Amino acid sequence: MALDDIYKEVILDHYKNPRNKREMPEATLRCSRNNPLCGDEITVFVLTEGEKVQEVAFLGQGCSISQSSASMMTEAVSGRPLEEVHRLIREFRGMMAGDVDPSEEELGDLVALRGVVKYPIRIKCAVLAWDVLQEALEGGTGEATGARPH
Amino acid sequence: MSVTRERSGALDVARIRADFPVLERTVGDKPLVYLDSAATSQKPRQVIEAEADFYAHHNANAHRGIYLLAEEATAMYEEARAKLARFIGAPDPACVVFTRGTTESVNLVAYAWARRELREGDEILLTEMEHHSNIVPWQLAARDTGAILRYIPLTDDGLLDLSDLGSLLTERTKLLAVTGMSNSLGTLPPIRELTRAAHAVGALVLVDGAQLVPHVPVDVTELDCDFLTISGHKMLGPTASGGLYAKRELLERMDAFLGGGHMIDEVFHDHATWNVVPYKFEAGTMNIAQEVALGAAIDYLEALGMDNVRAHEIELTGYALERLREVGARIFGPLDPGIRGGAISFWYKDVHPHDLATILNEEGIAIRAGHHCTQLVMRRYGVPATARASFYVYNTVEEVDALVEALAKAEAVFGV
Amino acid sequence: MSVTRERSGALDVARIRADFPVLERTVGDKPLVYLDSAATSQKPRQVIEAEADFYAHHNANAHRGIYLLAEEATAMYEEARAKLARFIGAPDPACVVFTRGTTESVNLVAYAWARRELREGDEILLTEMEHHSNIVPWQLAARDTGAILRYIPLTDDGLLDLSDLGSLLTERTKLLAVTGMSNSLGTLPPIRELTRAAHAVGALVLVDGAQLVPHVPVDVTELDCDFLTISGHKMLGPTASGGLYAKRELLERMDAFLGGGHMIDEVFHDHATWNVVPYKFEAGTMNIAQEVALGAAIDYLEALGMDNVRAHEIELTGYALERLREVGARIFGPLDPGIRGGAISFWYKDVHPHDLATILNEEGIAIRAGHHCTQLVMRRYGVPATARASFYVYNTVEEVDALVEALAKAEAVFGV
Amino acid sequence: MALDDIYKEVILDHYKNPRNKREMPEATLRCSRNNPLCGDEITVFVLTEGEKVQEVAFLGQGCSISQSSASMMTEAVSGRPLEEVHRLIREFRGMMAGDVDPSEEELGDLVALRGVVKYPIRIKCAVLAWDVLQEALEGGTGEATGARPH
């Protein structure tokens, strides 16, 4: 294991200069989630148009892995047909589960996150944004069940 | 007594015995004959070592750390969950919540399911052969919700008396809680039929698997039960290991039980939200090393083959029933080893079970005397207590002989 | 890194380290530097062997059998209770209920005491530095009883802000639940003063002893708390060991919690009566081997002397705080080692704690990153997470140096 | 350990031919208890007169130790001043705790139960009747607390 397996240049770049990190008031879908283990937070905004994901933005705070993954994700999925977005989500998850050999063509910069597979607990950081995106596309808002006083 | 430790039909018992360090113990000058596995089983060195190995090489809290030991501990803990899920035929490891054993598991359902779901006048159907751990939690839940307990009675020969089932199991019944194998009578109730009948009236079914899971191949999908409880310490695992199987949608719907670290998603001053199942039910630092070692126990049992474990038990139980009846012992429970497990309750002449246990102990033989946490069974058959011998994979036909021979000693002392 | 393992002022750490097999592990080619004892402590071979010895020579269910192994197991289990009682200064072993740890203990009180005693409008007073395990159980109890939660706030330097205590702690307060030592800030709240103030308004006091009991000499009679929780796994004991201390008259008055075997006196179809305390709260097969091994952990700590354990911690904590501040780390919590324990939360420059933990792991250094089950603390100080290093009897000054040196590595990666 | 340490002649005699085993309707005190471990049951009837225990009887079922101890107890305490009875209870408990060397003079046949000390779990059997007697003298009836439906 070497640190540059995980902390690749492109990851640090997206971490320090996140793309599409902004509130998106015109979003048609919006979902927030945190990683209960560590407190990383991601809110994903999606602007859909028919069967197409027009634009995706995010807000959040957390480690370099969760935030760079979110940033790269917004670039990868914006402007794509829903079907392709779902395929991307599957492909990214497959890469993080170590099952799928990622194609550079499909995932682009995201391939840099492949090194995280060797750090199982950080996988949760890497997929957080993707979980939130998927939940948003399924109409969820990220509200968990819990104990509220009457 | 000479224990020749032969190969039984189904298991190579001599080889198995070599794995259990405690079987080398003596009581005074007599070799230990351990016939109380229904209370807790002995542990093979593979299990003892698995727990020690965890502490010596991988110890860390699970699901909390980023460093190497924490990742190893987490992976081992979750691997144990996957093993236990597979062992009972659960479709998904997320259906298995780790607990200390059957008692905690039943209480989890009584708090997190029953107190949320039951209303005044709803009924919980139990049987008179239940262990106190499958009675008292329901009494407490009934007290708190206004639900009513009903009981399936027993026949004279230790079976469930299902002749009146139609009037006991009705649309008012919200839960049938029944043992998979009685720890005092040995009886194997017809679980598959009972789940079918319960589901037909919309009731859920909890199977107390404390005795069933260690001794009989179990497939929850086939049994179609909604809850199954597991005691790791009765199936070669450490004390404080075990679990609760539940259908996933039930776990999702259930209230939280123990609040604390890791079972939460977010915590605010006035409220909190829950983690996903099964973690929603695993609050605070869990029995990590114990569940990891339970995984080793499951490996051990799977290597023997649960069909062989059951076949060995049928063989020993059949032999023991035969010999005990020969010498005039009164057996409580069914006499056909094919429809029962290896926990045999009996009275020998008029020797009180306590006295019998003390006398047998002098011969190195460990049996249980008492009500076996089944006071309703004792009352049903009009005895304050019984003597109980119970078997597991390491017991031999010769040990059954030793038991029977030692009964003569009791006869001599008490002149009965 | 060269760990010279010198004798510290208070403890012979080199000798102690030789007792902990896990400290021989390496991470890649680096020796393990374990700085996460606040999550769970490592275990000396004396403890690992005590548990293995129980299984190998004495294994039987406790309080149930008449035969020799059962008598031995029962005696060992009760001896462990007596040791734990003595260790915390409890007047009577019957005041100690065995549990899996602090989380189960707090929940026991929340179910068996709070749900019976609390009424709508009653108040439970917590502090903003509580662990989720000392918050969520009270939220659930408040939900079920209509009681209200209030919180003692924190000062900027990580102490309880007691300036408004008079308006928080009133006759409406029925319970003050407060940590004996914060696991994220290190803070040692003034428990003796708080119990005095609480008792003055008629409130009971629960002290979360998860961090306190392993690190500081504790005497419940002196603290005069009503409940104290204990996590065995944080004080050299096995996972799944621990307990709850409570004043005896409280235990007597409390409702039952988990129903099942051995906690009962008599069981009838529609009701049951309870066993005497502490057994009333120990349902089903308990964590027998684990509590026995916790007894060995207590022997180990007593041989070191708890005053020395504390002195060693003050020494390491003082040194670590000094070095961390030198290199510009931001510390959360008090800076005087005399009024705090050895759990040190910090941020190093702008490196997110997760990234820091991953980078330190490459150097063999195990620290924790996250909210440490104290989300209210994180929110109070406006951070999503912190890095945390924590110490115990086996840690050295050289390991603190290794931690500080490794921070430079993080700086290099992130160019901060 | 030898069995005749515990199963002495006199114990077996009291077990098979229990003394004062009968209902006593005229009793002034009455208390019932069981040993939750094993189901042994003892009801003790006490007829007091002023500061004197006039007569004691018992009913019950259980093992040779619990029943013979009850039988011997009724003989030992009947007709004694309360104060002496309390001393006897203390002395018997002391013997069973292994603390006190029992005096044959005080305890009589009961000394035969000394062998039970070597069988710790059976000690509960031996002291059951004495627990019940003490509770009766303190005015208790043996009712335990528990969960009853409303």
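Think of it as A, B, C and D in the order they're written, each chain with its own count starting at 1.
Here, a residue touches a chain if its C-beta (ideal position, glycine included) is under 8 Å from a C-beta of that chain, and two chains touch if they have at least 3 such contacts.
Everything numeric in this text was worked out from a predicted model, so none of it was measured.
K.L.:
Hop across touching chains from subunit A and tell me the fewest hops that reach subunit C.
P.N.:
1
K.L.:
Average the CA atoms of each chain to get its centre, and name the chain whose centre is farthest from that of subunit A.
P.N.:
D
K.L.:
Using mean CA coordinates as chain centres, what's the gap between subunit A and subunit D in Å?
P.N.:
Inter-chain centre distance comes to 74 Å.
K.L.:
Go ahead and note the Å separation of the Cα centroids belonging to subunit B and subunit C.
P.N.:
Their C-alpha centroids are separated by 31 Å.
K.L.:
In whole angstrom, what separates the CA-based centres of subunit A and subunit B?
P.N.:
That pair's centroid distance is 44 Å.
K.L.:
Could you pull out the residues of subunit A that touch at least 2 other chains?
P.N.:
Where subunit A meets two or more other chains at a single residue, that happens at 37, 119, 122, 147-149.
K.L.:
Send over the residues of subunit C in touch with two or more other chains.
P.N.:
In subunit C, residues 64-66, 70, 136, 139-140, 256, 259, 262, 264, 266, 270-272, 354, 358, 369-370, 375 touch at least two other chains, as defined above.
K.L.:
Within the complex, which stretch of subunit B touches subunit A?
P.N.:
My answer: residues 63-66, 70-71, 74-75, 256, 259, 262, 264-266, 270-275.
K.L.:
Under the touch definition given earlier, write down the residues of subunit C that touch subunit A in their complex.
P.N.:
Subunit C reaches subunit A through residues 28, 136, 139-140, 142-143, 146, 352-355, 358-359, 362, 369-371, 375, 378, 384-385, 409, 413-415.
K.L.:
Under the stated contact criterion, what part of subunit D meets subunit B in this complex?
P.N.:
1-3, 6-7, 12, 37-41, 61-66, 119, 122, 125, 147-150
K.L.:
Taking the touch rule as given, give the residues of subunit C at its contact with subunit B in the complex, in rising order.
P.N.:
My answer: residues 21-22, 25, 27, 32, 34, 36, 39-40, 42-43, 45, 47-49, 51-52, 55-61, 64-70, 100-104, 106-107, 110-111, 131-133, 135-140, 149, 151, 231, 233-234, 238-240, 256-264, 266-272, 283-290, 354, 357-358, 360-361, 365-370, 373, 375-376.
K.L.:
In their shared complex, at which residues does subunit A touch subunit B?
P.N.:
34, 36-37, 119-122, 143-149
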